[in-house]
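Each chain carries a letter (A, B, C, D and E) given by its place in the written order, and its residues are counted from 1.
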Amino acid sequence: MLNAIAFVILGCAIILGAFSVVTVRNVMHAAYWLLEVAVAVAGLYYFMSAEYIAIMQLLIYVGAVGMLVIFTVMITQRSQVDNERPGVFSLFAFIASGLLFAAIAYGVIKSPSLVASAPQAPMSLLTFGQQLFSTNGWVLAFEIASLLLTVALVAAVWWTKDRDN
Amino acid sequence: MLQFHGVIPVIFKGYALIVPELLLIVAALWSLFSDRLPGKSRGAAAVAAFLVLCAGLITAFCAKGIALFGSKLILTSDARFGGVVLCLLALVWLVWTAAAGRGRTAEASALVCLSLAGALLATQAGDLIVLLLSLELCSMPVYVLIGYRHSRAKGLEGALKYFLLSVLTSLFMFYGASFVFGLAQTTSFGGLQTLSGEPLAIIAMLFLLIGIFAKMSVAPFHFWAPDAYEGAEPWVVAFAATVPKIAGGFVLVRLIAVLNAQIVILRWPILIASVLCMLLGSLSALTQKDIRRMMAYGGVTVMGYALLLLGITDSQVVAIGWYFAMFFLATYGLPTMGILLISASEGGKISDLAGLSHRRPVAAAALVVFALSLIGIPPLMGFFGKLFIALAGIRGSLIPGVILMVVVSAISAFYYLRLVKAAFFDQPQEAELPATVPETALEAEAETGNEVEVEAATAADDEPTRKVAWGAELAILLCAILTFVAGPAAGYLMTWMRTPPY
Amino acid sequence: MLSLIIFLPLVGILLIALLPKKFEAASKWIALVTSVADFGLIVWLFTQFKLGSGAMQFVTKIKWIPQLNIFYHLGIDGLSLPLLALSTLLIAVATVASWKTEVKPRLYFSMILLLSVGLSGVFLSLDLVLFYLFWEIVLIPMYFLISQWGGPRRQYAALKFFLYTFFGSVFMLVGIAALFIYTGSFDMIALRQMTAGLGSGAFGTAAWWIFAALALGFAVKIPIWPFHTWLPDAHVEAPTAGSALLAGIMLKMGLYGFLRIAIPILPQAFHHWQLIIAILAVISIVYGAAVAFAQTDIKKLIAYSSVSHMGFAMLGIAAGTAAGFNGAMVVAISHGLISAMLFLLVGVVYERTHTREISKLSGVAAAMPRYAGLFCFASFAAMGVPLLSGFVGEFLSLVGAWGSSAVPHILVILAALGILLGGAYMLWLMQRFIFGTPSPAVEGQPEISVREVSMIVPLAAFVVAIGVYWALLLQYTDPIAKVLQKLVGA
Amino acid sequence: MHLTVSYTAVILLAAALFVIGLYGVLVRKSAIGILMSLELMSMAVMINLITFGRFVHQSPLNSWFFTVFLMVIVAAEVGIGLALVIAIYRNDRTSEVDDLDRLKG
Amino acid sequence: MSVFFLIPVFPALGFLALLFLPRARRNRLIALGPILVGISAVLAVVGFIRYFPGRAIGQSFANVSWTLARLGGTKLTLSFGLDSLALVMLTMVSVVGLCVQIYSLFYMKDDERRGWYFCVLLLFTAAMLALVTSGNLLLIFAMWEIMGVCSYLLIGFWYKDEAPRRASVKAFLVTRAGDLGFFIALAAIWQACGSFQLETIIKAAPQFSAATVLVIGIGLLWAAAGKSAQLPLSVWLPDAMAGPTPASAIIHAATMVAAGIFVIARMMPVISLSHVALSIALWVGIATAVFGAFLACFQTDIKRMLAFSTISQLGLMFAALGTGAIDGALFHLITHAFFKSLLFLAAGTIIHVTGTQDMRKMGGLAKHMPIMTTIFSIGAFALAGIVPLSGFFSKDLILEEFLTHGHPVAFALALVMATLTALYVVKAWFTIFVGKYRQEGHVHEGTLLEIIPTAILACFTLLLGIFNQGWLGCLGFKVEMPTMEMASISTGVMLVGATLGYLMYRFHIDNDWLAEHAPGFLRATEARLYTDAFYEYVIIKPYFGISKLLWNIDTHVIDGAVNGVVALYGRVTKVADSADAHVIDGAVNGVAAGYKHLTAAAWVADAKGIDGAVNGIGTGLKQTSQIARKAQAGRIHVYQRAIVGAVIVLLIIVLFVVLKGVA
């Protein structure tokens, strides 16, 4: 059951973090804030009794994605000045996002079918694993995911090779 | 309604019906490791072509109305038709690359095979997650292909633009998908039909639609296409402009068929998108000087025609509209690929085509067939596509749309015929014309083998190669023949797709 | 069998395409052999053809696009058989006529064979979409023939020809689509019962403008008076063989359209339009004859004479009586033969003197007596002298028109005046062109060669045969005329 | 579960996160900045999924799968994106998006 | 099928035989002509003797018919029928034809295209013979027009010089103008009784409606007027003299011009049903008779004089038909055929000998060519109507018919015509044969080939005169001797004319005299009372103008209008001549599936209309296309904003639709 207080703290962390990722001038600081948001989200998952997902979140977002981003920022950081370039505040973007949020919020609040269901039985990771690899389950998706990652691998290798005839 | 209820959920122990995808994976792997394997990168493309051919044949003959993987993959007859068309396109592309590919094309053929696998899965997907995954698998390789010559700044810039915009729209799609998943409580298409018409569901479906529109480069979301294609090389664009778009098209039709009940409200965005497509696409293409950009806008216009049909709500005609849209999307692929493959060895600009009829008469003849088919001159399939759209449109009370289509196709005649005009009637600028250019395919045969001048891809823009291998001519000829034959065979193809009678 | 007739020339085109550049000259032999073979098939067809029955024969019906019930539906009857024979004969004659083309002969002869495919397709198809498909196919080779091998202003003429017929065919497509919407079928024969079944009411008013749309498409092709301005330019600028084919057979596609599609399918609508068509026809006759009189270029004169002769055919159709329909069909065939002969003969002189200005040519009889003889024969046939086919067509059309209740007698008298005016410009042409003292351009020109005579003789033979023994043609067209008359119920 | 309404709050939180990410994409000038904003948007989607799985559906199983596979997709995209940025950087020494406007018209 | 139906076949075979031969061999075989016509002449005479007692006109001894085709179910048959009228005409035509053929052997012996001349002459004879025996109106019309073509070819035989060319065109067009009437009559007959057989038409005639009968009557009269050179359409005959004289002899004296009268006679049972038609025939006939005779008096050219005399004689026959009785007209037709062809052939010899056609240059020929003079005199006096000769009897019969059918005015005018005829005959006779020869050079007698045919014709003229009762009476002709007072009136009138003629000759009251005393009058006669002028300025000149006007309309107005419609914009903006513009022009022309290369000058100059129009569309599209391309600014941010903007807009639309509940 969700503990209200935990939700409030984590919510603020996420919103604050996201806001600063977007607005802070120095890209490196933005990366740090991104890590912070990722951790907060992982916490949120934990509280929604999705421990496994929380761990995956930490692994992927903080471990892989975060590190990669920081790594790339360091490589492409030509000079301190570049990072300091002032982020421009665009009115259009703000209004557009606001409208979008309003539309989604309206939809969520008005929707009748999003009613809370009965309390769920605790789900064991075993069924998740079995389902993942049963032919009726998600093995196909798993294979496609693997192909996706191969493509990413090929792309990364190809673009970073020096000789390219 | 697509025959979902009619599908026999055969629990298929074996993997027979996803063998095509497996073959493609094998082809990709072969190309990746082709340095050590015989025939280097060109051999890889040839092997890939052979495997794609087998995949195409398998999909053509054995996939019939079967649900696999717990109905995650539903192989209806129209998905089968889409699969065959996509395999054909990839086959032509691979044969051309095998024959005339310049520089290191191993990675390119690998990526193409993977992208094709993604496309096949997407058209057969019966589950939301599988759909999203396959769409991503289909479009990711294309980011790389666009930026294939990473020494060319324009290529990378195109790739970046394509990447960012495509990821943005995919995220919209994911967000929409999450809500749809939330409301329908299941990810399988069968379950999605229970979606209610409440505002949240509509918004979610709209986001889903926007994602797919971006994949199909439909008008308001097509901005990436012209820049991306201009950055890339024509032979890459040949693939990028056809397979992912057609896969997106088939997915869109399948989604609309699934969400048929609620789609009535979404009819408006579809029609608006269709009108925007037709206007923006044709007008921008009119004054283009680069063939790739022109084909990009051409593609946008074609999507506009197809969307017109999907906007029909008159219950009696709506099912037929889907099948006609699918048929039309399939028919537009071959000519576009043909034109781009021809321009691949001539240089991207229209002016580079000058005097083609003297240098490569076979290619020139093929160009005429492609152009006439895209315009819609009777004997070729473009005409039948447009005829179906006209008839279905009139029947589905979309007469203003049909009139716009006729006007736009008249405008499209302008820029497609400019290619023919350049090929037949303009004199090439530079006086010297290599005498050795084979006059007819037969004489080319007499040339010694198909030695290809391997030319280091210099930083300069892709200047035309003088010596065109017979293999490339053969690929283009194959493409032209398919376009020519598909016209009269329209009826057979439609029955093969099990289109409901009128 | 019928598909073989249509697609045999495609084999020829394939052979020509595979010819290497060195053997380019052989392409004309291939074209000749294919077209003669095609004509042979038609002759065989004549022997197998059952006379007297108005029904379709040798029908082949294969499902093509079942979703829209479009069928690959071919059939032949008394109306299309003579026209088909005429088209294959003219294609063969055109091949012989263009024996000396040096510029891109392979493309030239494949275009002629493609034209033959289109024409046979038009005359044999019984499915509206198939008919429209072949109708458009015919447009492309003719455009290339004019724009590639034509005279000085060929681009403009070719463009005008394309745009006129293109717009005409767009209207026709609208008509066909509308018919489909109301009846759900494209089959010409089935449509006759369907439209009859629908009767008046909603379909009545719609039938009125559907007929107008179809008629406009055909009128541009015939050509009837206000839509004819493309004809003189196209004729003058087309190469000899091209204009012989254009006048010889392509104008008949419009007539065929009326007799096969517009009238039998929409007879009630035809009643509304009967008088207007008759008026336009008579205007075409008199207008064509008058303007021909003022021409200085022989080909333009003959072109305008075609407008006038086609006016007779349209008058026959507008009459709606059996004699009228017979007359229209006979005029179609006889004008095809006669105008092809005239154009080929003008081509002979043009090849020698490279000018068609009447002022520069005179006294041909002195220089080339045999040529003059043939030209006089052709001119007399054009004037409608009895014992030649021209007279049969015009006579039947006029007799038919007089007997029809829809056509006022004053119009028929005006049309008869057209015959006189026809005689006037032909004689005026003969007087200046054939007789008189030889002009410098004509002086010492070689006599007409055997090849050129071999072109004219078959046509002349048919002209005399039809002129003397009317039943040669009427036995085929009369059953059709009877059926049409019953349908129209004039 | 006293805060029954609370899960919609989580959905709204996710929506806010999504919208902020979108704002970031539009505002940020450097390619990496945009990528980071895209990450935010993907996190929003995942929060959405998990919340539905937890509170609306009978069993959270499907949502977990959905989330896992989404993570894979996002990871792949980040991989490609950063490789692209680095490649562009090696060519032009810049990763500022606004300088890349050679292709137009 | 009796052998007599072969009569027209022999000359036709001759025509076909000569037609396909090259010129040299054809010139050698000209003897074929007289032989074949001779055979048919013999057959005709045998036929005449065999069926001598004969039956009334219309009952045919033998006929053969065959179906030409089926027309809307009803059978279209053609047929040949031999009745007494046909027999008489057969003999007349074949005998005259034979004489002309023999004469032509001499006349054309040194012309290098004589083969072609005989070929056409054979065709003409065949056509006339077929027309005479045909029992079907359609076949008659076919032969009718074939003869028109032959007359065109023969008149225009010497095509090198201007006069024959113009005359042949004029002759053919005027006769074809007449044929229109025949066309309309045929159409009316087909509508009325669905067949062209003479028997069925005549049987069904009473049931015809008054309008149909009127149309048929006027149609046939108009056709006959064209063929037999009656007044409105008589202009072509005088000019037709430009052709070779023997051709004129048979065509413009005996047969073709007689065909008109023959057809009216054949169709008399139908025409007589409408009194309007009969009265038209009467008055047109009488007017033409007087007109012809009057003009003949002032002709200096011998052939032209004979031409006008033919016109007046035909006018007389036409008037005779106008009374409703065909016997007088037919009898006069036959006698006229003989003596007029005789006169023409003799005139041919005279012209050949003297080398000129102008009578004023001749004179005193009697002394040099006694035989020809006697032959010519027989013909001339028969024409004038002197007692023992056939001309007198046939003219008297017609005069009686006028009286018996109560046409006194016509009778009086006929007498005037008779006097004028006698006047110009005697005047001509004296100028040619009496006095001294006004030219130098020697005048010799006609050769044998000239004398035999003319002698035969002279015998027939005499024979018909003397034995007309016995010979014609039996063949269904009601012919009786002229009453005494009729004979005396006509002889009296003839004598008056003769003396006047002699006086004019004696005191040289000829054209020169007229020049001083009555120049206006002279000009009028020379201009043939302005009939030619009438056609020239009222019909031909305006027609030239109209056709030029229509052609201008065609090229500028209709074409311009059509191009105008294609041009969406009214005024065409001058297209900026940038490379793009050429691309657009190329593209726009490209719409016509490929287009050699922009031949700018010639093409633009000519096609202001269509080119301007199409450029108009081109400019419009180009400008919109520029705007569309602006959207593609190239920077990513613009694209992203565009996408998000699009999403927002679509969202708003969809929500708006959902809220309003509009499906």
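As a working rule, a contact is a pair of C-beta atoms (placed from the backbone, for glycine too) under 8 Å apart; a residue touches a chain by one contact, two chains touch by 3 or more.
Values in this document were obtained by computation on a predicted structure and should not be read as measured data.
Under the contact definition, chain A and chain B share the contacting chains D, E.
Separation of chain A from chain C in touch steps, taking the shortest path, is 2. Between chain B and chain E, the least number of touching-chain steps is 1.
When every chain is reduced to the mean of its C-alpha atoms, the one closest to the centre of the whole protein set is C.
Across the assembly, the mean Cα position most removed from that of chain D is the one of E. More C-beta pairs touch across the A-D interface than across any other pair of chains. Chain geometry summary: the mean Cα position of chain C and that of chain D are 70 Å apart. With each centre defined as the average position of its C-alpha atoms, the distance from chain C to chain E rounds to 31 Å. Taking each chain's centre as the mean of its C-alpha atoms, chain B lies 28 Å from chain D. The mean-CA centres of chain A and chain E are about 104 angstrom from one another, to the nearest whole unit.
Touching two or more other chains at once are residues 92-93, 96, 100, 103-104, 106, 108, 114, 138, 141, 145, 148, 151-152, 155, 159 of chain A. Counting only residues that touch two or more partner chains, chain D has 18, 21-22, 25-26, 29, 56-58, 63, 65, 69, 72-73, 76-77, 80, 84-85, 87, 97, 100, 102-105. For chain E, residues touching at least two other chains, in rising order: 589, 591, 593-596, 629, 632, 634, 636, 640-641, 644, 647, 651, 655. Chain pairs that touch one another are A-B, A-D, A-E, B-C, B-D, B-E, C-E, D-E. The part of chain E that touches chain B in the complex is made up of residues 580, 583-584, 586-591, 593-597, 621-622, 624-629, 631-632, 634, 636, 638-640, 642-643, 646-647, 649-651, 653-655, 657-658, 663.
The touching residues of chain E, counted against chain C in their complex, run 23, 67-73, 76, 141-143, 145-146, 149, 152, 156, 159-160, 162, 165-166, 168-169, 172-173, 176-177, 180, 183-184, 186-188, 190-191, 543-544, 546-548, 550-551, 554-555, 558-559, 562, 566, 589, 591-596, 599, 602-603, 606-607, 610-611. Against chain E, in their complex, chain A makes its touches with residues 92-93, 96, 99-100, 103, 106.
Of all residues in chain E, only 641, 644-645, 647-648, 651, 655 touch chain A in the complex they form.
Across the complex, chain B meets chain A through its residues 11-13, 18, 25, 28, 32, 68-70, 72-73, 103-104, 107, 110-111, 114, 117-118, 121, 127, 129-130, 133-134, 136-137, 140-141, 143-144, 147-151, 179, 182-183, 196, 198-204, 456-457.
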